[in-house]
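One structure is given below, encoded as structure tokens.
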Amino acid sequence: MILFQCDYNEGAHPKIMERLMATNMEQTVGYGEDEYCAQAAAKIRKACGNENLAVHFLVGGTQTNMTVIDAALRSHQGVLCAVSGHINVHETGAVESCGHKVMGLPSSDGKITALQVEAAYLAHVNDSSFEHMVQPKMVYISNPTELGTVYTKKELTDLSKTCRKYGLYLFLDGARLGYGLASKENDMTLADIASLCNVFYIGGTNIGALFGEAVVINNSELAGDFRYFIKQKGGMLAKGRLLGLQFDTLFTDHLYEEISAHAIAMADKLRAAFEKKGYPYLVESGTNQIFPIIPDADLEILGKQFGYCYQERVDAAHSAVRFCTSWATTEENVDALVAAISEL
Amino acid sequence: MILFQCDYNEGAHPKIMERLMATNMEQTVGYGEDEYCAQAAAKIRKACGNENLAVHFLVGGTQTNMTVIDAALRSHQGVLCAVSGHINVHETGAVESCGHKVMGLPSSDGKITALQVEAAYLAHVNDSSFEHMVQPKMVYISNPTELGTVYTKKELTDLSKTCRKYGLYLFLDGARLGYGLASKENDMTLADIASLCNVFYIGGTNIGALFGEAVVINNSELAGDFRYFIKQKGGMLAKGRLLGLQFDTLFTDHLYEEISAHAIAMADKLRAAFEKKGYPYLVESGTNQIFPIIPDADLEILGKQFGYCYQERVDAAHSAVRFCTSWATTEENVDALVAAISEL
Amino acid sequence: MILFQCDYNEGAHPKIMERLMATNMEQTVGYGEDEYCAQAAAKIRKACGNENLAVHFLVGGTQTNMTVIDAALRSHQGVLCAVSGHINVHETGAVESCGHKVMGLPSSDGKITALQVEAAYLAHVNDSSFEHMVQPKMVYISNPTELGTVYTKKELTDLSKTCRKYGLYLFLDGARLGYGLASKENDMTLADIASLCNVFYIGGTNIGALFGEAVVINNSELAGDFRYFIKQKGGMLAKGRLLGLQFDTLFTDHLYEEISAHAIAMADKLRAAFEKKGYPYLVESGTNQIFPIIPDADLEILGKQFGYCYQERVDAAHSAVRFCTSWATTEENVDALVAAISEL
Amino acid sequence: MILFQCDYNEGAHPKIMERLMATNMEQTVGYGEDEYCAQAAAKIRKACGNENLAVHFLVGGTQTNMTVIDAALRSHQGVLCAVSGHINVHETGAVESCGHKVMGLPSSDGKITALQVEAAYLAHVNDSSFEHMVQPKMVYISNPTELGTVYTKKELTDLSKTCRKYGLYLFLDGARLGYGLASKENDMTLADIASLCNVFYIGGTNIGALFGEAVVINNSELAGDFRYFIKQKGGMLAKGRLLGLQFDTLFTDHLYEEISAHAIAMADKLRAAFEKKGYPYLVESGTNQIFPIIPDADLEILGKQFGYCYQERVDAAHSAVRFCTSWATTEENVDALVAAISEL
């Protein structure tokens, strides 16, 4: 069985494993205040082109989302996002458990627009009952989105301007950011993202690390007291240097970019195979997540040998599914899947 | 200026005021443990045809909703309701502030169906990521709904069966329950509601009282420790007898029914006037809330003399608005509005 | 049975009842945006000697405490108070239910000192694990305290200075403020309190009103968006004018002061009787709450005719109890109790 | 500089690192549903002597505490613990952030007794205002405690009986459980703990793992839906097999016991050195945490070469500090510290 259902089926990049081994018995102080974390943060700041960014390391995505959002919002404030947003669907109400409403905006491709945000904001402030409603105060997007699509620089710039205009925080969930930056549709740099967002994170769990998300904050209000929130939400790893070491490795010699690019190359091979077969897509995407619509009979055949993720029923005989590649996907496995597809 | 924008513009029914005056200097114990509360609860139990119901008195609707919902749900559970539901729109995220997701279901008339509830429940339990999603555990409806519509006995029975089948609590917000029961479309009794729901409340604020909602619980799990929740959510009135006295009065000699019927009679007169004029409705309703679609030019004229509530823009030249009658609406004021309508 | 167990056994001052009756069928807009509320707020601002104060009306004390505290604190911040503070003991964890730790400081008389606050604050910031601990951000006191004692102007000034020095909000719970201001130990005016605190409230429930607390805010950060919090916590009364009317009446012609003074006069009579009898006090207080230590045998006799509140066991044969007077206490009832005491 | 300030200064036991390396590129399903987790859970069940226990793996201690406690309590319920309990002091209010009060009981050695729990429970149910107070529903203890002390089997049995008698959950935080079980004062087995507690966890972070806590649940109510809570609180590791692998290794061939015993042997050597020097203890303990009271002048000398944790000032010239050993402490480092102590 070869697994393509997600991008966290394997462990970590060998270079990370080597460093974990090499430093295993070193003594360091805890809770992310060690030298490895400091060093990794410095490299990330440099990659983002801004010496003044605050950088923090957390363990996982849900934890990071709830920590950032709860640090940003007062009790009467909520966060706007696509209805399909991870925080709205797949985090067991973590944001609501911190007391905040997630306010879903319609989206067919996982993205939301500056116009939607503006409309939602204005609808709130212009409503005579505005104090009876949750106040929008943050915009959450993910890039790539849940559906593998990416924002263009123009789209993100527009969102950023709208957020600044109305005093909303712009938060970008980059659990798969490397794959987004490496995709052909992308026209942004990490520095663009760092300057357009108030806060975002660089995913390690899905891209080369055992676990870990690097939060980058470009806003003094959000940055203040942020470590209290990390601790309160259970995200302050005792042996914090594990996070520092991993991100230090990922941000040395462009490893993060390199392994992200590998995943995209593997995905492109798969996309070619699906297209050759004539399968349409639920949503067209250029990142490491592919959502073909496949006849159920074919799926059954593929499922005997390959793991995929069931997305949704399209009609009585077709389903949309998700195939993922990752930094760890071998060309051999992709070739096996490509062959299987062509034989269907 | 004559106000028709809501059903809580005036004080309380004269009989209530008289009793408040008559008993003003009596000494009673606090927090709803007095004789008046006991007596009112007994009358409500009788009207509901069930001696075993738990009855509690709270001050207002938002407070009641958050108290009931938080008493019912564990942290990972959420409440299903119409997207237009009061808890989803007009309570500043009170339910979320208690940590629970409000899960909106589409609805054009303010109602949701047993089929929708079943689909939402099954979608959850059949999803392979179900533990990554909020677990539906309660269904919240209001009767009448936010749009003035009422559930039929068949509809409520279906909802009730579905909820029982899947272990969901059924909670009915009856802030305007009297107006619902008095409407021509209604085919239920209070006893029907009490037996079909796990918990509901009988609104006093909008129907004859200065304030107050009577929560009726038909479920031992929900009833246990309920007073702790009332206290924690700030709903335990020190001079609790004020609530007991008001509901005792409303449930003596059918006062609640009588004054509800008056509001409906007044609404029917208004409806006739709108219909004569040929105005369509945003939603057809038979209760005390009327939602005509009116040319903006006409609205401007009406607005000089009559208060109404702006609902939504329908097209460039028309708006849907809300006119409310209540137990306190005078025939004189209705006649004035009817005349103004016919003159448009 | 004559009740002395608390100060909310009766209804409202006759002048309030008269105005409720007189205005009962007037139409006003809801949610505290009516003219009566505006007028009452203006009178309270004037009594506080500051035109710039924000004034809001809520229904009850627990509700007010949780609303103010949650409006002030971010998720990682807590509130310092006496261990005996109402929020720490008698509100079913309402503050914690909003996510905030109540941090109790030792106190034998219900008061806390500027030195205690400073020590708690410095202990936090000087601890190397400070981010692993809740950050103190607000100081909650009540005046009078739970034990009937009052702060001197010097004590409150010191607290205020310490709070300002360290960026802590000072919040005074004045559920019984009138009784405090009327007591012989008091050396403050309402204006003193308004200028020394960031936020406080003037209790109506215990002093002449059917219910209601007037929150006075002297801080722009706290004042911003405060109505969202009132709504979210279930404290926004639909018929808000009921609150405006009551406070307008209490702040007309010094009614609030006058009826508070009456309660103190009644309490002083009772104190004289207990002292004559030689009963010691659990805590000496000069307000409307008296805490004598009484032989159990005597208590049993008193208890047949008079209601009191059991406070705590002092030794095998003695208990501390609470007797309360209020604006509504009749001299006749006090005389009856005085006579009963002297006969013990 | 040799660090003795805590027991998480190093990485993981070499056997764990080897397995992480050996399995790094294996593909497994995520979120703890892999074979390694199943295998580790089976070994833990066996070590606990009960096939019916539910076992779950989380990343860290604060996360585990908040997840277990929030899964157990309804909103009006609180958790009893020693005032010095980790949840009460060093988790930035994580439990309160979930809405629950932490109710501290006095303790000089970090332990609480069955009698204290009973008294607290009875004080609640016998108070006439019980519904105005948080309802105690869980007892949290840690073993070893924050002060390195351990519960005897008799003490834990008494706590367990009291909890069962009054319907309280008994929860044991075993972040350092191995060190407790290995200490000379201990007279319990893992099976004893598993049968006496409703829920407890076996700490990996402090004992041999990179991170990880194994939660063991012996109660069907708590066990139900527990994975929803893990996800909601951000504790569901994507690459869950990292946790399974680590605990599988720790519970193979008694590794967990063996490395725990090493830490105790190292601590015993240190204790002998402090005793020889004549330093008293803040609290006597037999586990891996030692709390000597040391003259400040001596501390300054030691501090140049050895890391320790400052605990509290004892008098003008003496401080209590904490020295920790762990599975990773080398005899060489201990000998260096012993030598330094004897030279003071």
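Just so it is clear, A, B, C and D label the chains in written order, and each chain counts residues from 1 on its own.
Simple rule for what comes next: a residue touches a chain if its C-beta (ideal position, glycine included) is under 8 Å from a C-beta of that chain, and two chains touch if they have at least 3 such contacts.
Since the model is a prediction, treat every value here as computed from it, not as a measurement.
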Touching chain B and also chain D, the following chains: A, C
Which of B-C and C-D has more C-beta pairs touching across its chains: B-C
Where chain C and chain D are represented by their mean Cα positions, the distance between them in whole Å: 42
Computed distance of Cα centres, chain C from chain A, in Å: 49
Chain B-chain C separation of Cα centroids, rounded to whole Å: 33
Contacts with two or more other chains, residues of chain A listed in rising order: 75-76, 91-93, 97-99, 131-132, 228-229, 231-232, 236
Complex interface listing, chain C residues touching chain B: 1-3, 5-6, 8-12, 14, 17, 20-21, 23-30, 59-64, 66-67, 91-94, 97-98, 205-206, 210-211, 228-229, 231-239, 242, 307, 328
Residues on chain C engaged by chain A in the complex (per definition of touch): 70-71, 74-76, 98-99, 131-132, 135, 225, 227-229, 231-232, 236
Residue numbers on chain D that touch chain C, as the complex places them: 75-76, 78, 89-93, 96-102, 128-129, 131-134, 310
